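Worksheet: one structure, shown below.
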Amino acid sequence: MAAKFLKLQNWTSLNFCIKSYSLAPKNMSTYAPKGCMAAPFTPFTKDGKDVDYSKFKSYADHLQKLKIPHLFVNGTTGEGLSMTMEERIKTAELWMQQKDKFESILLHIGTGNLKDSIQLASHAESIGVDGIACIAPSFFRANNEESVVSYMKEVADAAPNTPFYLYDFNIMTNVYISVSRFFDLAKDEIKTLRGVKHSSPQLPSLFTGMREHRGYQFMMGTDDQYLAALSLGSEAIVTSAFMAPYFNKIIEAFNSGDLEAARNAQEACQKVVNVRSKYGTGPQSFAVGKSMMPMLDLDLGPVRLPLVSLTSDLAEKLQSELKAVNFFDWVKV
Amino acid sequence: MAAKFLKLQNWTSLNFCIKSYSLAPKNMSTYAPKGCMAAPFTPFTKDGKDVDYSKFKSYADHLQKLKIPHLFVNGTTGEGLSMTMEERIKTAELWMQQKDKFESILLHIGTGNLKDSIQLASHAESIGVDGIACIAPSFFRANNEESVVSYMKEVADAAPNTPFYLYDFNIMTNVYISVSRFFDLAKDEIKTLRGVKHSSPQLPSLFTGMREHRGYQFMMGTDDQYLAALSLGSEAIVTSAFMAPYFNKIIEAFNSGDLEAARNAQEACQKVVNVRSKYGTGPQSFAVGKSMMPMLDLDLGPVRLPLVSLTSDLAEKLQSELKAVNFFDWVKV
Amino acid sequence: MAAKFLKLQNWTSLNFCIKSYSLAPKNMSTYAPKGCMAAPFTPFTKDGKDVDYSKFKSYADHLQKLKIPHLFVNGTTGEGLSMTMEERIKTAELWMQQKDKFESILLHIGTGNLKDSIQLASHAESIGVDGIACIAPSFFRANNEESVVSYMKEVADAAPNTPFYLYDFNIMTNVYISVSRFFDLAKDEIKTLRGVKHSSPQLPSLFTGMREHRGYQFMMGTDDQYLAALSLGSEAIVTSAFMAPYFNKIIEAFNSGDLEAARNAQEACQKVVNVRSKYGTGPQSFAVGKSMMPMLDLDLGPVRLPLVSLTSDLAEKLQSELKAVNFFDWVKV
Amino acid sequence: MAAKFLKLQNWTSLNFCIKSYSLAPKNMSTYAPKGCMAAPFTPFTKDGKDVDYSKFKSYADHLQKLKIPHLFVNGTTGEGLSMTMEERIKTAELWMQQKDKFESILLHIGTGNLKDSIQLASHAESIGVDGIACIAPSFFRANNEESVVSYMKEVADAAPNTPFYLYDFNIMTNVYISVSRFFDLAKDEIKTLRGVKHSSPQLPSLFTGMREHRGYQFMMGTDDQYLAALSLGSEAIVTSAFMAPYFNKIIEAFNSGDLEAARNAQEACQKVVNVRSKYGTGPQSFAVGKSMMPMLDLDLGPVRLPLVSLTSDLAEKLQSELKAVNFFDWVKV
């Protein structure tokens, strides 16, 4: 798949990125996922009480058909923070069993506390993930970059041979830091530092970081700012898996110089975002996303409390609104 | 006026409160802690990596000398959410070994995810705590009272014979709900519902809940609103342990009708709060609190990242500012 | 009226306040309004386009019957910031024509810009108001206490013989300062500084200021924290005019030592606040308040955009909800 | 890619935009400023007390040399809301005297209250400005799109022959609305509606509005999102006047298909933004901007309280930091 994907895209337009990243320090991993990175949901059993371990293979096949090169596992979409340590570990292992269908797997090992994240980081390295990412705790919120660096260093050091990404998502964690200043401080401290999954919506933060810290990866993580981030030079975008066809189209059009076609695809994507937001915003938007899976003939179960799955009435209404914006034509595989 | 005030009320240990709570539904536990409930820190080893299990006895003796009747264990002050499941369980058990020094122990079993909280609730009941309290997750934030009720019901049901308290602390979790509406909805759903630890600072929320839901306990949880909450009828106040002498004085003066003395004590307390806030606000304020323990000859170790313990320089400066507002005279035991 | 009011209330209980304010610097005015200060609405014509100058007399009579000693004119309730300079000036003058019905009139002269406020301050002194209050601009928001002091000094200096109050209302202006630090800095700068109308809801801010800056007046300005502020020693409370009967009852009960009666009255008040909040919160809550005037047989016209008057349907629903919480029994005159 | 990109688009002055706006309703003005619109400061006298009417000619000459086609007068940069009505009117007239140096002048007539804005709108039409823009009040904040539409309709109707723009700047006003929904509702109500000056930083809001409401102008108004907004199709950008050379370069490079050059220019611009932000953020950032004018040999006086001009020490430090990021090379005229 990966080969085909590369051929289809013919990433010439992203060459500048590759070039600009040639300054990477020698001691840094060469892991550098490009293009679309998809955050899968975690399949749960009908009552939400357990991970549904029977669904990983079929879900992975589905993702492969969507031409998704990279996975971001156990993140926000995957409800990683609603899972127990045992579930986090087992889920990571099950995704690794599907690894041959993807170019790479980036594992989120952030939790609400340092010790658990250290343990997950250590486990991640033991199962050979391509990289790890870690979010800052949202309850005991760090109030400056220094403490985030200290925290992340402890986590990263538990996986000394695995590329490390900061997972910055300030509207979820309410931890507001300067990503660029984080890199200023972290560069010398965190030997495995490789980049950031920048799900915080502020593009100037992404751009400043990207330009001041060449050699590191700044991956944008918001569905509705694909095109803008591309124009700024972001080389990978983390998205809900089913949005991949939109992004693949945007990048293809952008690279071929057809800006109006890229805008049209971004507009189509924005329409889906706008429809979804009517059914739930903030954290609840992830519940809305998971409610869309059965519409794609792949029921991955409910979300876990305090998120709430859509009622069947609302799901039906959502489905008809999604149909009206041609969502199902876009994501047909 | 003062004399008349005293005579009319003739308060003995806030008897008026007991009266106003006489309407409690029959199926409700009679657990009703009154007066000061102290939230102990969790002793950590010097490097912060482990709970220092050797310190519980001496710390409990200290708390007993401070005349603290009730403990609120593994809450925010205790850094419960920075501890692993194993540590949470063991710490709960160690505090229960000190139980004979206190009237009651209320155990916080809230975590970042439902399954862990259910497990802690079940364990709590097995070790015989007097009550449990649960906070809502701060990452996947509930966006209405209904989902908080659903979440808390699952937790409470795992300890069917243990009084249950909502732990509402909106400035930490960023979950903003109407506490009163929570009780409207939860009353029939959560059989063991007993009250709320109301650490959110909004007094009108506390007061509305208290008046609309007689029979339930509304315990105020902010150091700097002791007196105001008392005037509104809150019968128990959760505080940093070392602040107990201030509160004991406030309540004594208030009950004897000497309002000016109560205000003076509250002012003394406010001065400590104001000094502390210079060294750290928000979550970091709990780090400042723990840094004060060695000044009381009881070193409980550092806080855990992302909180950061004060440097020795800052701790010294803090100590001298605390001295200037007579803190050490107040808390002498 | 004033004499009768004082006799009826027999303010013995507030004696402590008077005492505690005996340290007032010599160069300070002796203006010290006590008890209830009411913020009247500004009567507008039916289309909202003009001030209805014909209504001031009847409205003043109404306020007098409610036993309101002090007026706070052209503030938030009065929609001062929605009025033109000409209207501000004329309205101030018309209220001054009703002055004999009240003990004192405190005029709000805050606007969105310094020059206008200076002009209004100068006019205020020329018409002999008892005091002036000024709010900080909400668009060009000050970001520290220093700039608020500089701003207020310019305004206060334009009325060198009129007591000056800071009007602090952070949830409306989004200017968040430490009121206590403002006084630290302003004391020497603003010769006429007399106190603060503290409509910001944070009681610890009120209390800290009150205790650190004796000799100045700290007037609480939120309907739902009457009792709590009283317990802390606030000697005057600014409120919607029609809420005066609630406050008069709370203060009477509090002073006579009947705390439970005070709580009951505060609860009755809270019920009105809670009902109102269903029909509009934040700035819009003032529109809801004005919509209640016709229910008291005194139509003061609509609010001005961007506030929106309640539709007649909603007003009817509101009226029936207010009836259910006995509002009309309380405010009968 | 670049070559192909260029050929396919062959942009001359953003022609593609003109095309996409060809659906404009017939009854709409044809005013459609393209490219850079600069928001000039208002020159004040040394003490800040008066507008310095002697400076307009030389400042206009300076702006002309910077190749600025359009002016946005009396907005946030111009401290419009810190000026009296008389000053607003006179300043508007003085800029109109310089009109021959520019393609068009868009006048901001928003104030803190409806009546003043109506008066300014009426005056604006009388002096023949090319368009007017209006911001929503920040004190009495509208809480939905309906009330913003009602407010703006009253203002726009006072200038029935002048194109009308919403001025949306949510981080200044704290009025958060859906711009797209505003247009949904306003289209039929406001006959002169022509577009929005979108200074709120949320690009998805800009983009959604732009795509759902073709025929209207969506002008981006944040210095640090030039390139991203361009990629989305925004055809005009409102900026501090002295930043025009950056934007002219960005747009030139973007149009010629040289994306990396556009990014480099945006990076240079971002560096200035980042330097400025060290000296003041939020409203105070406009004070920092004005402090930069003497460095360009054009002293426009101080800002007005509550904004605070930089001290000469800080201004010197700022100047040397700006020099380090080559600011003065960029803005040389």
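By written order: A, B, C and D. Residues from 1 in each chain.
As a working rule, a residue touches a chain if its C-beta (ideal position, glycine included) is under 8 Å from a C-beta of that chain, and two chains touch if they have at least 3 such contacts.
Because the structure is predicted, anything quoted here is derived from the model rather than measured.
The minimal number of chain-to-chain contact steps leading from chain A to chain C is 2. With centres set at the average Cα position, the gap from chain A to chain D is 35 Å.
Centre-to-centre separation of chain B and chain D, using mean CA positions: 51 Å.
Across the assembly, chain D contributes no residue in contact with two or more other chains.
Every pair of chains in contact is given here: A-B, A-D, B-C, C-D. For chain D in complex with chain C, the residues that touch the partner chain are 49, 79, 81-85, 87, 111-116, 136-143, 146-148, 150-151, 154, 172-174, 280-284, 286, 304-308. Within the complex, the chain B residues that touch chain C are 1, 4-9, 16, 20, 201-204, 207-208, 211, 224-225, 227-233, 257, 259-260, 263, 266-267, 270, 273-274.
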